[in-house]
Structure formats: C-alpha cells, structure tokens
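Pasting the structures here.
Two complexes are shown next, each including chain A; its partner changes from chain B in the first to chain C in the second.
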Partner chain A sequence: MTVKELAETLSLTVLAGKDSLNRPVTGGYTGDLLSWVMARLPENAAWLTVMGNINAVAVASLKDAACIILTDSAPLDEQARDKARELDLAVLTSRKNSYELGLKLAELLG
Partner chain B sequence: MNNTLSFDYVVPGDDFTRAGEASSDVKHKLKQIGYDPDAIRRVAIAMYEGEINMVIHAGGGKAHVEISPEKIEMVLADRGPGISDVDLAMREGYSTAPDKVRALGFGAGMGMSNMKKCSDTMEIHTKVGEGTTLRMTVLAKKKQ
Partner chain C sequence: MRELSLNVMDIAQNSISAGAKLIVIDVCEETKADRLTIRITDDGAGMTAEQAARVTDPFFTTRTTRKVGLGVPLFKMEAEMTGGSLSVASEKGKGTTVTATFVPSHVDMIPLGDINSTVLLLITCNEDRDFVFHHKLDSREFTLDTRELREVLGNEVRLNSPEVTQWIKSCLSEETQFIKEELTNEVFRGTSGD
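Up next is the complex of A and B:
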C-alpha cells in the first residue's frame, strides 16, 4: 500500500509530500521521544506521532520512514512543513489518536 | 591510491532548526557512493545523536567525517561543559536535557547508548569545563 492509498483509506489530510506519496508503506511505528524513535523506527514505516517539529522531520528522513502521520490533529510547525516539502517527506494528519489510528493501520497492513 | 573522502561540518549551537543537517549530508553522500545500507543506517543514527548532543549541551561544535571503503570515522568535537560522569551519561534513560529541549521530543536519555550501539568503536575524551571529543567508527561490514 502506498502513502497516498493509506491517506485515502484512513481519511488523512496531506500536509507535505509529492513523489513521496507513492512510496510503499510496509509497517507502522508510534512514539514521541525522538532518540527512542531514532533507534527503532523501521524503514518504510508510517510513523504515528504528535511531534510536528523540524527535528521529527529529520528523524523520519534519516530513518527513511515512508511518512509521518501526526495524530490527535497535532500541528506541523511552519519550519517543519518547509523542510518536509524540501526533502519531499510525506506528512499527513489525522484527528484520531495514535492508538486508534494504529489499530486501523494494523488492520490494513496485517 | 588514497580512497578516503573527508568532510567537515560546523554544527551550530542551540539551533534546533539546523540540527541533523550534517548527518543528513553524510547519509546522502554515503548513499551516492553506494555504501553498505546497514552501515549507512548506523552512521546516520550515531552521527545524528552526536550532533543533537552538541546542539543541546555544548553550544555546537565541529564534525569531521572520513569515509573509506572499509569504514567510516566520525569525530565530533565541542568546547562545551564536558561530561562529569561518562558511565552515567551512557546509561539508557539518563538525561540532563533542560525542559525546553524535552518539549521538542529530546531528552529520552537514549542518545549516548544509541551511539554506542550503532558504532563499532566509540571513544570519549572529555574534560569538565573544556569540552568533549567523541570518536566513532562504523565498519562497512556488520558487527559480528
């Protein structure tokens, strides 16, 4: 499943991402402590977090995450949005919390 | 023939908007070279954590990276406060990050242990009041 298909299926709003929307998503991860996530975020995962800052963008990019999904409608700050667009990193947002969205994601990805 | 490439970076202090730029650049270069993906992953983590530590604790610093076919060496040097108890700093979960930094998602106390796990060798030279130099090596072949 691609990031774009995921966005459509889970009613996510796309905040950043162009070509990256066609990337495959092969798993998920959730966490907000950046060093913790840095050590564990799998490649091509959808990362569910409330951290919408530029450092989260750096972590996702360094770890080759498929996308960031901001849960609980957590805001993406302006610098982070600009950086995500520059790097072509997909950032999406959901009204659901990480638990609720994680359940849906697990159902989809199996 | 000398097959070593070297790069130098200045890591600005207290500028969280630029933290991670040096590690991103190194990762990008390694990808272009076609370096072993596992080594790239480990370098990216180790260097990012080192960079962040310099930004949080040391008012920035310098990074020197040497890439050869066998290994990647990273030297991160700062003139920050130094580390008074290295063993404690290495412990998972121990952090002296201030609250404003924690609010950004840092301060899990994982930085040093992430560096240790991702590198094949890691040396710390530190003196309180003078600064810290961290030397890490990642071998192109996986750790056995």
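Up next is the complex of A and C:
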C-alpha cells in the first residue's frame, strides 16, 4: 500500500511531501518520545505521533519512514513543514488519536 | 530521552569528540525557584559563532557518516517542553558551554535520572580526560574533581581500576545523600506543625 492509498482510505490530509506519496508503507509505529522512537522506528513505516516539530522530521528522515501521520490534529510547526517539503517527506494529519488510527492502520496492513 | 542524565552523557561525548581534556558537569537544583540547571563546559575545539548557532538544528552535524544530529536538539526540546531553555556558547579553540534550564514541576519534565552512574561511566571510560562534577541542591553542594583524585593517588593508580571506581561510586552516593538530607529535614519541619 502506498502513502497516497493510505491517505485516501483513512481520510488523511496531506500537509507536506506531495511528491513522495507513491512510497510504499510496509508497517506502522506509534510514539512521541523522540529518542525512543529514534531507536525503534522501522524503515518504510507510517509513524503516528503528536510531535509536529523539526526534530520529528529529523527522526523520520534518519529512519527513512514512509510518512509521519500527526494524530489528534496535532499541529505541524512552520519550520518542520518547510523542512519536510525540502526533504520531500510526507506529513499527513488525522483527527483520530494514535490508538484509533493505529487500529485502522493495522486492519489495512494486516 | 527517558532520563536527562542520558542527555548529559550525549553532550559530554560531543566534548570528548571535540578533543576536550577537561569537562565540567554542573547540576544545580533550586527547589524554591522550581528550577534545574544543567551545564556542561569543555575546553575542546570549540565552534565558530555560526556553527554554535546551528547546533540546535537537527539537520546540522559535523559528522560525515549521517546527515542528522539529534543530541543537542532533543536536549533543547526537553528543556523547552517544561518551560525552560537551552543555550550554547562557544569559542573556536577555547571550548563550548551548553546550558539547559528546566522547570521540574512541569508535567512534561523528564527526571534527572541516575546522574551519578553517568558521571562514573564518563570518568572510568575516558581515563585520559579530566572531569569535574558539581551537584548543588539548594544550599548544599559537593564537587568531585578527577584532577584532585590524581594528585592524591599519584600517576601509577588508574581511575578505572576496580578499587578507585568503587571509591568514586561510594563517594558520589554518599555526597548525594548528604545534599539531599537538608531537603528531607525541611519536609519534616514543614509537616511537624500540622
């Protein structure tokens, strides 16, 4: 499944990285403590978090995540958005919380 | 990180990579002011003003193996999440000082954690460097200075020998207990009138 298909199925809004929506998503991860996530985020994962800052963009980029999904409508700050656009890293947003969205994601990726 | 002491370890590692011979770790807890200040000072290679201004940017690193450096940015974020701040002062050829302040009562405050173990590990794993650890808790404080230890022990005894390691460990533990005593006494005084 690609980031684009995920966005359509889960009604996510794309905030950055429109050109990388064809990346495959092979898994998911949830976490907000960045140092913790940094040690565990799988490659090509959709990362569900409320951390919309530049450090989160750095973690996703370092771990080569497929996308960041900001849950609970958590904000993406300007510096982070600009960097995500520069790196072409997909950042999406959902009104659902990480638990609710994680359940849906798990159903989709089986 | 789950403990601020792990951040201290990370920042001190930067000092070691910068060739520092002396690293000063200063932990100052002020209960009434609701403030924790952690300061790491080194005499390493230092940075230009431009470099120093950029170390809080995770996409700035002098490392060539990867493009992202999150040590200082995460430490800064953790401080700011509590309403505190982080600053970096550096001079090329002189050294660098990283100062982080925290508001311990904030709900997002990350505990200081086992700072003594961090200090012990830094000392014993970097025998060729000197460390000064200063821990102040309100009016009580203590300092451990490896230069003083070397002076007493002489050049033949290594700081990472089992006996010395054990001694440093006990010293850190006893001194910490001492500076925390007053705080405990104060709690008792505070409740005695109820």
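In this text, the second predicted complex is superposed on the first by the 110 of 110 C-alpha atoms of A that agree within 3 Å, B and C clash if a C-alpha of one lies under 4 Å from a C-alpha of the other, contacts with A are read in each partner's own complex, and residues count from 1 in each chain.
Everything below uses one rule, namely that contacts are C-beta pairs under 8 Å (C-beta built on N, C-alpha and C of every residue); 3 or more make two chains touch, one makes a residue touch a chain.
What you are looking at is a predicted structure, and each value in this text was computed from that prediction instead of being measured.
After the overlay on chain A, what do you see for chain B versus chain C, clash or fit?
clash
Mind working out whether A:N97 is in touch with chain B, chain C, both or neither, as first, second, both or neither?
A:N97 contacts neither chain B nor chain C.
Which of the two partners, first being chain B and second being chain C, lies in contact with A:S35: first, second, both, or neither?
both
Which of the two partners, first being chain B and second being chain C, lies in contact with A:S61: first, second, both, or neither?
A:S61 sits against chain B and chain C alike.
Spot which of chain B and chain C makes contact with more residues of chain A, would you?
With both complexes superposed on chain A, more residues of chain A are touched by B.
For A:N53, decide between first (touching chain B), second (touching chain C), both and neither.
A:N53: touches chain B and chain C.
Quick one: classify A:T2 as touching chain B (first), chain C (second), both or neither.
Touch partners of A:T2: none, neither chain B nor chain C.
Which chain A residues come up in both lists, the one for chain B and the one for chain C?
33-36, 38, 53-55, 58-59, 61-62
For the complex, give me every residue of chain B touching chain A.
16-17, 19-20, 23-24, 27, 41, 44-45, 48-49, 52, 104-111, 114, 117
Going by the contact rule set out above, which residues of chain A touch chain B in the complex?
32-36, 38-39, 43, 51, 53-56, 58-59, 61-63, 79
Provide the residue numbers of chain C that touch chain A in the complex, in ascending order.
1-2, 6, 57-59, 66-68, 70, 73-74, 77
In their complex, what parts of chain A are in touch with chain C?
Going by the criterion above, the answer is residues 33-36, 38, 53-55, 57-59, 61-62, 83.
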